[in-house]
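Below you'll find the structure, written out as structure tokens, and then a few comments.
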Amino acid sequence: MATEKFETSLKKLEEIVRRLESGSLSLEDSLKAFEEGVKHSSFCAKKLDEAERRVEVLLKRKDGTFAREPFEPEEG
Amino acid sequence: MDIFAEKTILTVSRLTALLRGVLEENFEQVWVQGEVSNLSLPSSGHLYFTLKDTGAQLRCVMFKGAVKNLKFRPADGMALIARGRISVYDQRGEYQLICEYLEPAGVGALQMAFMQLKERLAKEGLFDEGHKQPLPTFPRRIGVITSATGAAIHDILNVLKRRFASLEILLYPVRVQGEGAAPEIGRAIDDMNRLGLVDVLIVGRGGGSLEDLWAFNEEVVARAVYRSKLPVISAVGHETDWTICDFVADLRAPTPSAAAELVVASSLELRGQLDALSHHLRMALESRLAALNARVDALRRSLHDPSTMLGHLAQRVDDLSERLEMALENTTLHRRERFERLRSVLLFHSPDRQTERFQQQLAMLSHQLERQLRDKIQQEKHAFGSVAARLEVLSPLRTLSRGYAIAAASDGTVVTTVAQLTEGDRLKLQLFHGTAICRVEELENRNA
Amino acid sequence: MATEKFETSLKKLEEIVRRLESGSLSLEDSLKAFEEGVKHSSFCAKKLDEAERRVEVLLKRKDGTFAREPFEPEEG
Amino acid sequence: MATEKFETSLKKLEEIVRRLESGSLSLEDSLKAFEEGVKHSSFCAKKLDEAERRVEVLLKRKDGTFAREPFEPEEG
Amino acid sequence: MATEKFETSLKKLEEIVRRLESGSLSLEDSLKAFEEGVKHSSFCAKKLDEAERRVEVLLKRKDGTFAREPFEPEEG
Amino acid sequence: MATEKFETSLKKLEEIVRRLESGSLSLEDSLKAFEEGVKHSSFCAKKLDEAERRVEVLLKRKDGTFAREPFEPEEG
Amino acid sequence: MATEKFETSLKKLEEIVRRLESGSLSLEDSLKAFEEGVKHSSFCAKKLDEAERRVEVLLKRKDGTFAREPFEPEEG
């Protein structure tokens, strides 16, 4: 889900991997688990990519463009 | 006559006459000495007195004629030597000495006369100091009353000559001894007074015996000297001899030479005195002028003060002006210093330094921020990577890739036994690549 | 806001860095924190630049120009 | 204002310097303080310059011209 | 005024110097005080010059000429 | 006046010197006192000079001419 | 007057000297006194100078009058 967080997803992925590794799953279940694992993996990969892109953007901004933009930090 | 041989009765008168005869005959000329008492000199001019000694007394009389010749006056208590004859005063039945000559016992008659005259004149006041006149301070002409041939005038002239004294001498020649000398001297004194030619008189003579000098002991001289309006210097005999004239005179010189010296001395002294006075006169005025000059000079010098005062004041003004400038310069200088110090401190604390510090801090923080985030991503990436890799390894698709397929019923249930199947069931076969929907045609080995 | 102060912003930046360092943040939160940190960093940089320019101007003035300008300090 | 006195300005400058030295000011306040300090410094400098010029003039006068001018000091 | 006396002026000059030296005057007041001081100083100097000329004349007279002039001191 | 006596003048001179030496006089008064002092000093000096000349004349006469002149001192 | 006596004159001279020495006279009076003193001094000196050394003898004539003749004392 969209609200799924990277960490939760990664945790689920790990759980799936552990279950898969235990070998106790039927192929069917393995397949299902695996399928789910792939989803999580993709999600995580996506989140990571997103994060990296955002960092780049932020850093890029900061080094140049950003300074000229109006910025008003919010009160923490 | 032997009056004792037979009884012859005499009358008193007879007897007295007899006795007088005897006495007068035997004591026609006797000298007797005794002390005078009961002296009386009645108006008759006869002198009556008694001579006595410790054992007896003798009645004496001196008749008027003899009294006249006496140089002195007898007095009670006086010791006298009398010369005379014894006689008897019938009426009283007394014997007495009829004196023809009397002289004082012990001293000569002249001395006695001298003493008596001296005493008498002294009593009268002829010797009084109050009557004595001062010598003229400046006797120009001197009257000398003495013998023109005697030693006195000679000595006087010698002295004047010796002392170079400018004096005029007017000699009045007189006899200075012998009968009549005294009245002559007296007259000379009077004449000199009358003539008024001289300022002072020297009356005198050279030395000699008492008799020689006698004229100067005579009353007539003494009175003339006393009368004299001109000052009289008495200069008789030698130093030790004093005459009546000496006592009366205004000044007594022991000798004529000494008298001349006195006069000369007074003249010379006068010259000296005048010179001294003139000198003093000049000195007094000159010293006064000098003193005044000195005083005026001193005061004049003291008057220089304003210059000094002005100098001091000018110095003070200069000093103050200098201090004024200094103070003003110091005022700006101090303020300048204080200001410059403040300015440098201000500059030192300019926000530059703060901003620089902040820049560093900010740079560090920004760096950390970036690194932390990158690390985080990297870390997560890593964690994910390993899990993803393990997943890959475990993929069931590997089994499928070997030709296995998973058959699932239409309800999705994985079919693992034919028992589950009925012919005609639709099966979904999952292959390694893709899925295939199949229909069950036949069932075999239903019990296996 | 415009009332945000340099020091506050810097402090927040520090806090953010600390939190990032602690590793307790999720990726999402880290990204958010980073983003906020970048903002603060930029804000601070801007403020510092402004400050430096201002100081520069003041110092430039002071060395020359300023003395000739009329100046009447206000009563404090 | 024109009535501002050198001494007042100098005192303020001192106060500002003390505050700056204390290091307790925020950047903003430091900037403000510094700016004010510069103003006071300039004012003081100007005043001092003026004063010094005047002193110079006065001292120059005193050595020459002045003595010839009629002067009657007023009763104090 | 013309009636100002040397001593009064000197006293004032002294007072001014003392005040200036005390350092308690403001810059402005110092300048004013100085200016007044200079006036007093000049006045005093002028008076002293006059006095010196007068004394000089008197001393010249006193040394020579004067004695020949008719002089009758007045009764005091 | 011509009737001024030497002694009066000298006394005044002394008084003036005393006053001058007392240091209590103002500049003006000192000058006046000095001026008067100079007058008195000159007057006194003149009088003394006259006196000395007179004495000289008298003494010259006395040493020569005078003695031959008829002289009749008056009764005092 | 011609009848002035030497002694009187000398006495006056003495008196004058005493008065002069007492210092109580004014300058003018001193001069007058001195002048008078000089006259007296000259008078006295003249009188002293007039005296000559002359020795005469007074001879009484028959008629009672007197005659003066030079006197030559006999030697011895």
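Going in written order, the chains are labelled A, B, C, D, E, F and G, and every chain counts its residues from 1.
Rule of thumb we're sticking to: a residue touches a chain if its C-beta (ideal position, glycine included) is under 8 Å from a C-beta of that chain, and two chains touch if they have at least 3 such contacts.
Everything numeric in this text was worked out from a predicted model, so none of it was measured.
Novice: Which chain maximises the distance between its CA centroid and that of chain C?
Specialist: G
Novice: Counting shared numbers against all numbers at the contact of chain F and chain G, is it over half, same, or under half, different?
Specialist: Here the answer is different, because the shared fraction of interface numbers falls below one half.
Novice: Would you identify the chain whose C-alpha centroid lies closest to the centroid of all protein C-alpha atoms displayed?
Specialist: So the chain nearest the centre of the shown protein is E.
Novice: From the C-alpha centres, identify the chain that is farthest from chain B.
Specialist: A
Novice: Give the rotation angle, in degrees and rounded to the nearest 5, that superposes the C-alpha atoms of chain D onto those of its identical copy chain F.
Specialist: Fitting chain D to chain F on C-alpha positions yields an angle of 25 degrees.
Novice: Which interface, named by its two chains, has the most contact pairs?
Specialist: Highest contact count belongs to chains B-G.
Novice: Would you mind pulling out the distance in Å between where the CA atoms of chain E average out and where those of chain G do?
Specialist: Averaging C-alpha atoms per chain gives centres 69 Å apart.
Novice: Quick one: chain D and chain E, Cα centre-to-centre, how many Å?
Specialist: Averaging C-alpha atoms per chain gives centres 34 Å apart.
Novice: Taking the mean of the CA coordinates per chain, how far is chain A from chain F in Å?
Specialist: About 135 Å separates the centre of chain A from that of chain F.
Novice: Calculate how many whole Å lie between the centre of chain C and the centre of chain F, each centre taken as the average of the chain's C-alpha atoms.
Specialist: Using C-alpha averages as centres, the distance is 101 Å.
Novice: Mark out which residues of chain G touch at least two other chains, giving numbers and ranges.
Specialist: Where chain G meets two or more other chains at a single residue, that happens at 27, 30-31, 34, 38, 41, 45.
Novice: What are the residue numbers in chain B that touch two or more other chains?
Specialist: 285, 292, 300, 303, 306, 310, 313, 321, 328, 332, 335, 350-351, 354-355, 358, 366, 370, 373, 377, 380
Novice: Provide the full list of chain pairs in touch.
Specialist: Contacting pairs: A-B, A-C, B-C, B-D, B-E, B-F, B-G, C-D, D-E, E-F, F-G.
Novice: Show me the residue ranges of chain A that touch chain B in the complex, using the header's touch definition.
Specialist: On the chain A side, the touching residues are 6, 10, 13-14, 16-17, 20-21, 26-28, 30-31, 34, 37-38, 41, 44-45, 48, 51-52, 55, 59, 62.
Novice: Which positions of chain B touch chain A when the two form their complex?
Specialist: Chain B residues touching chain A: 366, 370, 373-374, 377, 380-381, 383-384, 387-388, 390-391, 394-397, 399, 404, 406, 408, 414, 416, 430.
Novice: Can you name the residues of chain F that touch chain E in the complex?
Specialist: For chain F paired with chain E, touching residues are 1-2, 4, 8-9, 12, 15, 26-28, 31, 34-36, 38-43, 45-46, 49.
Novice: Chain E touches which residues of chain D in the complex?
Specialist: 5-7, 47-48, 51, 54-55, 58, 61-62, 66-67, 69, 71-76
Novice: Mind pulling up the chain B residues that touch chain D in the complex?
Specialist: 321, 325, 328-329, 332, 335-336, 338-339, 342-343, 345-346, 349-351, 354-355, 358
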